[in-house]
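In this document, chain identifiers A, B, C, D, E and F correspond to the written order of the chains, with residue numbering beginning at 1 in each.
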Amino acid sequence: MPIERVKTGIPGLDEILNGGIPRRNVVLLSGGPGTGKTIMSQQYLWNGLQMGEPGVYVALEEHPVQVRINMAQFGWDVRPYEREGTFAIVDAFTGGIGETAKRERYVVRDPTDVGLLIDVLKEAIRDTGAQRVVIDSVSTLYLTKPSVARSVVMMLKRVLSGLGTTSFLVSQVSVTERGFGGPGVEHAADGIIRLDLDEIDGELKRSLIIWKMRGTKHSMRRHPFEITDKGIIIYANKVLRVTRRGVYEETVSSEES
Amino acid sequence: MPIERVKTGIPGLDEILNGGIPRRNVVLLSGGPGTGKTIMSQQYLWNGLQMGEPGVYVALEEHPVQVRINMAQFGWDVRPYEREGTFAIVDAFTGGIGETAKRERYVVRDPTDVGLLIDVLKEAIRDTGAQRVVIDSVSTLYLTKPSVARSVVMMLKRVLSGLGTTSFLVSQVSVTERGFGGPGVEHAADGIIRLDLDEIDGELKRSLIIWKMRGTKHSMRRHPFEITDKGIIIYANKVLRVTRRGVYEETVSSEES
Amino acid sequence: MPIERVKTGIPGLDEILNGGIPRRNVVLLSGGPGTGKTIMSQQYLWNGLQMGEPGVYVALEEHPVQVRINMAQFGWDVRPYEREGTFAIVDAFTGGIGETAKRERYVVRDPTDVGLLIDVLKEAIRDTGAQRVVIDSVSTLYLTKPSVARSVVMMLKRVLSGLGTTSFLVSQVSVTERGFGGPGVEHAADGIIRLDLDEIDGELKRSLIIWKMRGTKHSMRRHPFEITDKGIIIYANKVLRVTRRGVYEETVSSEES
Amino acid sequence: MPIERVKTGIPGLDEILNGGIPRRNVVLLSGGPGTGKTIMSQQYLWNGLQMGEPGVYVALEEHPVQVRINMAQFGWDVRPYEREGTFAIVDAFTGGIGETAKRERYVVRDPTDVGLLIDVLKEAIRDTGAQRVVIDSVSTLYLTKPSVARSVVMMLKRVLSGLGTTSFLVSQVSVTERGFGGPGVEHAADGIIRLDLDEIDGELKRSLIIWKMRGTKHSMRRHPFEITDKGIIIYANKVLRVTRRGVYEETVSSEES
Amino acid sequence: MPIERVKTGIPGLDEILNGGIPRRNVVLLSGGPGTGKTIMSQQYLWNGLQMGEPGVYVALEEHPVQVRINMAQFGWDVRPYEREGTFAIVDAFTGGIGETAKRERYVVRDPTDVGLLIDVLKEAIRDTGAQRVVIDSVSTLYLTKPSVARSVVMMLKRVLSGLGTTSFLVSQVSVTERGFGGPGVEHAADGIIRLDLDEIDGELKRSLIIWKMRGTKHSMRRHPFEITDKGIIIYANKVLRVTRRGVYEETVSSEES
Amino acid sequence: MPIERVKTGIPGLDEILNGGIPRRNVVLLSGGPGTGKTIMSQQYLWNGLQMGEPGVYVALEEHPVQVRINMAQFGWDVRPYEREGTFAIVDAFTGGIGETAKRERYVVRDPTDVGLLIDVLKEAIRDTGAQRVVIDSVSTLYLTKPSVARSVVMMLKRVLSGLGTTSFLVSQVSVTERGFGGPGVEHAADGIIRLDLDEIDGELKRSLIIWKMRGTKHSMRRHPFEITDKGIIIYANKVLRVTRRGVYEETVSSEES
């Protein structure tokens, strides 16, 4: 039985994932500040909408109104899809307070209550028939309570995978951390994509690496990427090498990838 | 009196273990996320079934249904063995909640109760006549209570060794940790196999090393391995060297191994 | 829709920001002691006043009287602007105690009460019609309570962005820290500018790097800067490289910048 | 007055100890998992029995039955000596619970009670006339209470030295620790022998170093050793050097040792 | 308005400070044990007395009697100045207990009470008309309560600056610390002078660096210094460079300084 | 007034101390396990007795009987001096419990009571007219209460210096620590002598460095030393250099020392 895959549509990403993300996988999108986690997760949802796959974005870090503005800056206007019922933003940011918040449909009244968040999320998934879900960020749910990190991720995993969605959990790590969000979190995820922004000899370089992805082969290399005004572009045929002799990008033939 | 050994059947592993794991040993299978611990432990059980040795898998991280699906992706369909009573999955994940969980035979109602888990495990071992046991993962049992780690491992060791099984305890360490799971755990185990996934010059490399194995000589080298769609293959005649002058694989004659 | 930008007027900074800071962004100005955070933030406000953009400075580290003296040393005499109502200092330092404090208009009676601080800040923004705000330093608000850091920054962000201002949050990090102020803070900001003072081979070198800036492209290089008696000058066409072979400044053509 | 020495009988060890361990010394045998601490301590006791010196082994990590099996694998069958009353195992593992435990003569009913353990130990020393004692491991006694480490070691030292025995305290350190068991412990011991297992360029290497030994000169070098099926062999005329230019073993003349 | 400066009179220091310390600055004198912090602070006060500027020394680490003896060893006999009322030692060491303590004029009865210390300090400043103050050490005031460090330094700063004095706060850091005394302290000071004592290739080297100094340009280099029997001499025209190729002192022309 | 000095009589030490330790100094003798702290401190006392200077040794780590035996192994038989009343051992080890302890004259009944220890110490100093005191080790007094370290050292300093003695406080640091015993301790001492035992390329090397010594110039170099059967010998005309190019000993002319 061949594995079912979800195409991310992000240039270069499906190629290094050997065709896409295995369906129902819960993928940790892990990185420091400014690495492009939010953009990549929104691009994943937008591309799904273009392919006819409904999606849900859970906003824990930003006002839903701001989320729409930010996405629009890349040409991703989600409002028509919200109107036709194939896209939804779950507002887990405002607590329903404020004028604009009153116009939101999916509101988590108490964003610190994970059980409540899951109830609203389930409703949004069922209403839209979502096949893609993003939670931005999952770290917010246990920032001050690291001991509950594993159980929170486990609960989300059961719901997201159980309802048949393929999801990105945005995981914020500090700029100096080299892990992906703690042992309880990084072992629970089906996949880990790590985004990096490193200063090398006075220049900032962007790269990503697929650390694990259950159910598929994937590139075992660190790939450079760029954030353009159309979104993220990953160079599947390039590898960023940081060695003792310096840093350089090397073009590799696709057979080697 | 020659030592009794259990053949893992994993390509390359028995060779570097000088013939297999000494019977009744409790082996820590330690590694970071994405290193292949779960796959190796399931392959060990499957190979046992092919050799007529019953086994038990304790699922603490994943739904039993998902465990069966994951194993099947490598061609390891355990359902016939479950039906004939030579294989069992102990469900220490669902707590018996959910439709599919109701169909499981070995369920730990409260997965946080180690005493209860041991009772169900004993029952499964006796019912199946298990000679091989996997606990995936033992870290889950003390993730938020590190002070009990040693006593938990000691309790399991008494039961597993006492009932004559040869077992793998999957130990999750963070991607940046270099130990095997803490002093209380790593000294208590009869053997330690460490799986690694390291980024070297922009490429991910898999390797393992036998850190200790009571009762037998073993390879004192770091061996590269691969995860294929048939499971893990270890290169017993290769050594992965990471030196100041770079990283390279070297083929060694078997006499040296 | 082209992005609206706020010109900082700081020599070199707008150039490496591709024209200025996107309006409504909340920018973390992060650095160790002696790196020039306060000077840069005051220069940003002063330049705004010269361009007809009112501003507010929240003083948490220094007496308002001393703030005026310090600014005057660079030729930035804010008193005329305070009189005409286009500039205000919010005194969150004295608690209203002391003779000179009695003459301040915007006083936070209890500087440990963030809610109160926000109320006074809102009043000052509305009275002046401020388009630029500086909070110096935001770290003071959670120095002894790191667990509230994220919520404090989130609250400020809602107010500052909601009222249409473009703001600098001064973030103090220790001289040996390499992050920007903790995960809760650095992920919440729309932009991060890091100021550094490093001893290299017996010499102190100043440099800055734009780590992230939502809504615009920006230089991906580390730029040297100087503190002169007219304020800060950033060398947009130079890059400070610290490599294994030593440290050197290199002039780059503006196309590359 | 020439110093009295206890011959360990371990090949190479007495040579690098300038003739043996000064009588009544309490020696910390410190090392990570898999370094051979237990084997060396058991070999020390067995060799004593061959020279007519009675001994006591305190089992804190392993069932007494398993201790006898493990020793027998090296050809060290202690049962005849137990029968004739010149060797004893103090069972501080089972708490007297279990069928086989009932047959043990020296049982510590509550292994967490150090006072009780010392009482049973004294009795065993007096009954056997023990001149050699091993406590395996002393770390177990304060694993979860590091603040009592020094007082526990001090108490043991008073008894062991007071009764005229020469003893090994097995000290477990984590694989990544470079100390010997904490300041309270390492300063209290009369001697420290450190066993190491290091991965160097993809190969595991065994070595030991005598860090201190009150009352005698000793080798100031790191010596390679091996674990054979007859026990440990130390290469007194070799030194393991790990330098910036690589690792190598060098043979040194005995005069230099 | 040209900036008013206080001449330290310490050979080389005023030169690298571009003429002296800006009046009213509160300067952190930070360094490990044995770096010469106390000597430099006492030399600063003594030189003030020679220029007709009264001073106060707050003794928190040493008996006032011993302070006078130590200063006298460098030829700095403060007793005549104490008699004429232009110098005072505040005894925050003895608590007024002991025969010799009874003869002290400025005694802090409870040295753990910072409010009380400030009251006595104010009195001493007013009585002497002090223009220079040293607190040796400020670290003592929060050694066991790091969370109050910032507020203690802030309180002192208000008093010292408010009364018009130019002061040195001696800050003790551990020999392995690279900061200046914690974020709350190092950001609050107007200036930071760091004294270092480093072992380089088997030799101890003394050097200092002006990390920051509000209101003036200053040397951006690390300068070697010596402690002679006449006090400290700083080599303003030398720089101590510690590079990958070794350590060396280099003489630089004063224009470059 | 020339400074009064106490000759240690330890070969090489007075030479690198420019003639001896300034009278009344309280010197921290700091080092890891096995570095020779106890031997050096006992040699200092013994040499005093040979020069007619009475002394007191406070035993916190070892039974007084064992202290006498250990000293005798170097030919230092203190019993005649104890009989004539010019030497005393303060027993702060046994608590007065045990047969041999009953014969001790200076016993601290409760070794955890620092006030009591100081009372007994004062009595012993007065009875013997001690000019030299050793406390072995001072670390024991605050091992489990680091927050009281500074106040304990301060109390001892007042007594030891007040009674006119010149003293060594033995400070135990862990083998991996690079400080001298914590900030509260290392800043309080008048002098710091650091003893080191380092493994360099497979060989253990002994060396010491005078980190600080109030009231005198001293060698600023790291000197190799040896422990012989006559005690410690320091090579004042040699320096141990550990550089990037390797480790070597270099003979230096005494003028340079």
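We adopt the following convention: a residue touches a chain if its C-beta (ideal position, glycine included) is under 8 Å from a C-beta of that chain, and two chains touch if they have at least 3 such contacts.
Just so it is clear, the model here is predicted, and its values are computed rather than measured.
Chains that touch both chain B and chain F: D.
Note on connectivity: the fewest chain-to-chain touch steps from chain C to chain D number 3.
Rotating chain B by 120 degrees superposes its CA atoms on those of chain C, with the angle stated to the nearest 5.
Judged by shared residue numbers over all numbers used at their interface, chain E and chain F contact each other through mostly different positions, with under half in common.
Between the Cα centres of chain A and chain B there is a gap of 31 Å. A straight line joining the Cα centres of chain D and chain E is 53 Å long. The multi-chain contact residues of chain E, meaning those touching 2 or more other chains, are 244. Viewed as a contact network, the protein chains form a single closed ring in which every chain touches exactly two others. Each chain touches the next in a closed loop, which from chain C via chain E reads C, E, F, D, B, A.
On chain A, the positions that touch chain C within their shared complex are 32-34, 61, 63, 66, 70, 73, 137, 139-140, 143-144, 172-177, 197, 199, 201-205, 244, 246. Across the complex, chain B meets chain D through its residues 3, 147, 150, 158, 161, 178-180, 182-184, 186-189, 192, 209, 211-212, 214-215, 220-222, 239-244, 250.
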